[in-house]
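Two complexes are shown next, each including chain A; its partner changes from chain B in the first to chain C in the second.
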Partner chain A sequence: MDLKPLRKFFNDLPDRIGLRGLLLVLPTYAWFIITLIIPISFILVLSFAKLDAVTREIIRFPVIDNYAVLISTFDYLKILFRTVSLAIGVTISSVGIAYLIAYFITFRISKYKYFVIFLLQTPFFASFMLILLAWRLILGKTGLINSFIMFLGLTNTPIGLFGYNLFSVWLVLTNTWFPWLILPIFVSLEKIDRSLLEASQDLGASSFQTFMKVTFPLSLPGVFVAILFVLVPTLGEFVAPSIIGGRSGLMFGNLIEDFFLKGFRWSVGSAFTVYLLGIALLAAYLLYRRIGFRRLMEGL
Partner chain B sequence: MKMDVELKNVTKRFGDTVAVDNVSFQVGKGEFFSLLGPSGCGKTTTLRIISGFEKPTEGEVYIAGELMTDVPPFSRPTNLVFQHLALFPHLNVYDNISFGLKIKKVPKDEIQKKVEEMLKLVRLSGYEKRRIKQLSGGEQQRIAIVRALVNEPTVLLLDEPLGPLDLKLREEMVVELKRIQREVGTTFIYVTHDQGEALTMSDRIAVIKNGRTLQIGTPMEIYEKPKFGFVADFIGRSNLFEGRYAAGVVEVDDLGRITVEPETKVSDKRSVLICVKPEKISIERKLKGLDNIFDGEVKETYYQGQVTTYRVLLKNESLITVVALSSGMKSIFESEEKVKVGWNRQDAKIVIKTIEEK
Partner chain C sequence: MRKSGVSFIFIFALLVAFAFFPLVILCILSFNETVMFPLKNFPTTKWYIQLFQSSTAMGAIINSFIVAGVTTLVAVVLGICGGFALVRTRFVGSRFFPGLLIMPMVIPYIIMGVGLLSFLLKVGVNLSLATVIIGHILVAIPYSTLTLTARFVGFDISLEEAAMDLGANKFTTFRKITLPLMMPGIIISAILAFIISWEDVSLATFLVGTDPTVPIYIYTTLARLPKNVPVLTALSTLMVAFAIVLAFVMRAVEKFELVK
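Our next item is the complex of A and B:
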């Protein structure tokens, strides 16, 4: 076998910067393509296809019937609206709590700062499913909360609020998400040059004004990272609703789940998935517009 | 003269360390006052106490005649130009400068006018929309100064603002700062470790070491009549001789007698330190007509264009520094040459030894 061309290739490599760059990113790109691009392309193609109900072969292509299903069915639109509202609600509450905690740690704790951050990572060690099942026991008409309230004699019938519903989904998701969000917000708060805060005070701003005009704006990159972090997964959430959502807590993710697993209506499920992807991308785009891509990356 | 700032017996302790040690001074209205000293001497801490970011452990701070020791920084009529500028990166030039004015709820058209005036003052008109990152070091420096100045503080405090600039820019900025201060008339308190800056710009200087003010005076007083060996040495290179004083003559071991002007305040047989400035020493192959003439051997020569600096070894093994105008010399002395150095009695100043050695 003639090894000369191979030898030449490796000898030239140090000088061929472009090629070296390409080779360096190739593994990442390959992974990216295999795990992301290919499945999504699959879904994309499927969403425009009409499948035979029995054989599941493509009988007509392309069609937009699958996309029409969402628009023409009011119940589905209702669920979409409910899902987006919930996602926004969870984002607001979990980012809010995370911000408060991150702020407190950054500015009020000096000695054991990083130790506290470390402690706050412990929720990650528990499985999400276990957490959900635990909440299932706590919530619900015969759950811990209601039993306790009735035991105290405050009411004779269980309070609906603490049952399996949308409120519970919001509660559990907020509770599960906020530990994850503390870190990006903490990082961006920590990075703020303290002399900027002093300068603000020197120029006459009170502590509150300094927060509004200097601290908060400079912490936005971290906040936006946190927002993206919660918003996108929550939009597609289907596990939590199925465990503690009950009937009123049904979300868009569940619809997609049903289309794929229960009705075998893969093409419709794909269309719905594309809708969800579109919304997530829209959200990311709006955030990008607000803050600029570079600053978002700096926040990461 | 009305006093704008007065410190009375201000001391600041951080645990066991004394950063500021019983400091008292007054700064008059419209004065350019400098706190000069080496790194870590407590001058920045003193400035922070005046601006309100540190509370003194003991002592009082008066600004414009009012007691302000416990007043927080946002309520004081002072503004601080930070060492690393602390310009807000998320705001443009206009928003940075107008920051303090907006807090005070100054009407918009007035803000506009003031910002324009300030930018004109530092010759940066039209820069309103620029982002901080786009500015050069000197430009950022000037924006930081007017951001503080636009609030018309009673006292402007500057913390080594020229540190990060290159030499040429620093020289320009020194002139700029002096011009701005003259035009606006605000009292300036300026902290630096660079004696050149302090001498050029200040009306008065306070030399600080280890948290104590060693000497406060005009640049000329500090330079010509230093009261401590440290002050003499810190402000320009000095030649210091230690010896015993007796009626107008100081006897220096192994060297000989240095004639000085008689000092009534020094008793005979006292150990004193004499300071002779390098530029006051004449250096020639043959010398006469001066009160003090000694033999020396040139050890090092530094030709610096305008001046030439020599390091000359004397009989008592000490090295002195002599600075001579290059043009005034017939020839530049080389190493190993034997020369004569000399100075008159009025150029040898008696200086107390530093406090620790007293």
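Our next item is the complex of A and C:
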């Protein structure tokens, strides 16, 4: 391949006015505008539109009806409330577990720290879908747990808790996410100056006090990165509930999916999407303000 | 102190087991006659044979490789450009770039999925593997750019200056010095981008046409063809093995980087 023209072009670009940098990020900018900004703007427009049932052309604009659907339907509100609670629940459990593991790796293991973290991330590499498939077979009325219990003769009827329900969704999402959250927490724990911990102990603090007053506050940036990583996707989750959620595990994402893929009620679906977007962006904004770009970069 | 140490190790071991438990179960079931508890006719390779004879499953694997391959290529090239621009140059709008970059990380996939779906259908694009690739590139760019930006930040610029002092021009320096030294970072970001595409279900659910990727194949089989579920366990076991290989490659590359 003849690189000469390319080489000449690259060398001749003036550095000072920043044209070179702009050219380098232009494709990324273009990609984001075309596949992110415009589609989301389109959703915004749709959410205020009344669509023709057959042609799906916009027949009235703007209308507020689509937004009223959520507020006026108790069942939908209940599902939204459940989704937010579940997302918070999953965040607490998975960040908590990840914290315990990160703490153990930082302070109790001296060698192969990164290797251990790496090993723990392998399940996530293998695909979220596999974890769902496994739990689908483990749980359920005729699943492994229930058939095992019945095999032992402990009960004659399957136990409801190990069926497909909201509890299963919580369990499975926690199982999926915590291995992925160890690294950001570990990074900020590892950075803590050990002499601070010694100073705290020398001044008479118990190890619990040292943890609460020194270690934990200093590790917060990593915790915030971890919360961001789990909270946002969980708010929009719809695959896990549809596989292991049963009826009680239905989430807000499932409503949106149905509006778009089954009911073809795009405008109502768009309004629901905007509600979800608002919640996710608010959460992300509050967290990102305390994290910053640099820490996010280190957490990967 | 000693006692609390032991219980801590116990909890740690339990949590690690929790992480691997589902995959171990899948692996065991893949060699079993049924997907239920009392093991029957164990071990059998029946499901692996069926897997390799299933043209839909094999097709899904090929599709996934195509989608993840193209996604990786584009995301890494754009990641190198973005990382370089962010660290080494100043450009108009550079203040907005990081903010824009993290957008796909702070927006749930379902929102990007329905957005792209309705937009693409509106402008008359038919759903196919190409539309899945378009979506995957969008979500992979932030990860590839962030990991590469971190590498550019840590790059010893005096090596480039030395090359230029010795008479190399900017382009040669980039090709002969910067790029080879960045290689570990590039490989890591490539693996990351590959995995993001390889394991995605949420975006693909909306953007996939008639050709499924592996996660979509698993998803639809679970929902519609319970009879074929044992084949999925065999497929899963192979995917876990593949993931472990990827993880070890990434680990080896990271080690190499530390030596440097």
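Just so we're on the same page, the second predicted complex is superposed on the first by the 256 of 300 C-alpha atoms of A that agree within 3 Å, B and C clash if a C-alpha of one lies under 4 Å from a C-alpha of the other, contacts with A are read in each partner's own complex, and residues count from 1 in each chain.
By definition in this document, a residue touches a chain if its C-beta (ideal position, glycine included) is under 8 Å from a C-beta of that chain, and two chains touch if they have at least 3 such contacts.
Source: prediction; values computed, not measured.
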{"item": "Touching partner for A:Phe42 - first (chain B), second (chain C), both, neither", "value": "second"}
{"item": "First, second, both or neither for A:Phe186, with chain B first and chain C second", "value": "neither"}
{"item": "Contacts of A:Leu22 with chain B and chain C, given as first, second, both or neither", "value": "second"}
{"item": "First, second, both or neither for A:Phe224, with chain B first and chain C second", "value": "neither"}
{"item": "Which superposed partner A:Trp170 touches (first chain B, second chain C, both, neither)", "value": "neither"}
{"item": "Touching partner for A:Trp135 - first (chain B), second (chain C), both, neither", "value": "second"}
{"item": "Most chain A residues touched (candidates chain B, chain C)", "value": "C"}
{"item": "Chain B versus chain C as contact partner of A:Gln201, first or second or both or neither", "value": "first"}
{"item": "First (chain B), second (chain C), both or neither touched by A:Tyr67", "value": "neither"}
{"item": "Touched partner set for A:Phe162, first chain B, second chain C, both or neither", "value": "neither"}
{"item": "Chain B - residues contacting chain A, complex", "value": "51-53, 72-74, 78-80, 82, 84, 86-90, 99-100, 103-104, 147-148, 151"}
{"item": "Of chain A, residues touching chain C in the complex", "value": "3, 6-7, 10-11, 15, 18-22, 24-25, 27-29, 31-32, 35-36, 38-40, 42-43, 46, 97, 100-101, 104, 108, 114-115, 118-131, 133-138, 142, 144, 147-148, 151, 175, 178-179, 228, 232-233, 235-239, 242-243, 253, 256-257, 260-261, 266, 269-270, 273, 276-277, 280-281, 284, 288, 293, 296-298, 300"}
{"item": "Touching residues on chain A, where the partner in the complex is chain B", "value": "193, 195-196, 198-206, 209, 213-214, 217-218"}
{"item": "Complex interface listing, chain C residues touching chain A", "value": "5, 8-9, 11-12, 15-16, 18-23, 25-26, 29, 35-38, 78, 81-82, 84-86, 88-94, 97-98, 100-112, 114-120, 122, 134-135, 137-138, 141, 143, 145-147, 149-150, 153, 169-172, 174, 192, 195, 198-199, 201-202, 205-206, 214-215, 218-219, 222-223, 229, 232-233, 236, 239-240, 242-244, 246-247, 250-251, 254"}
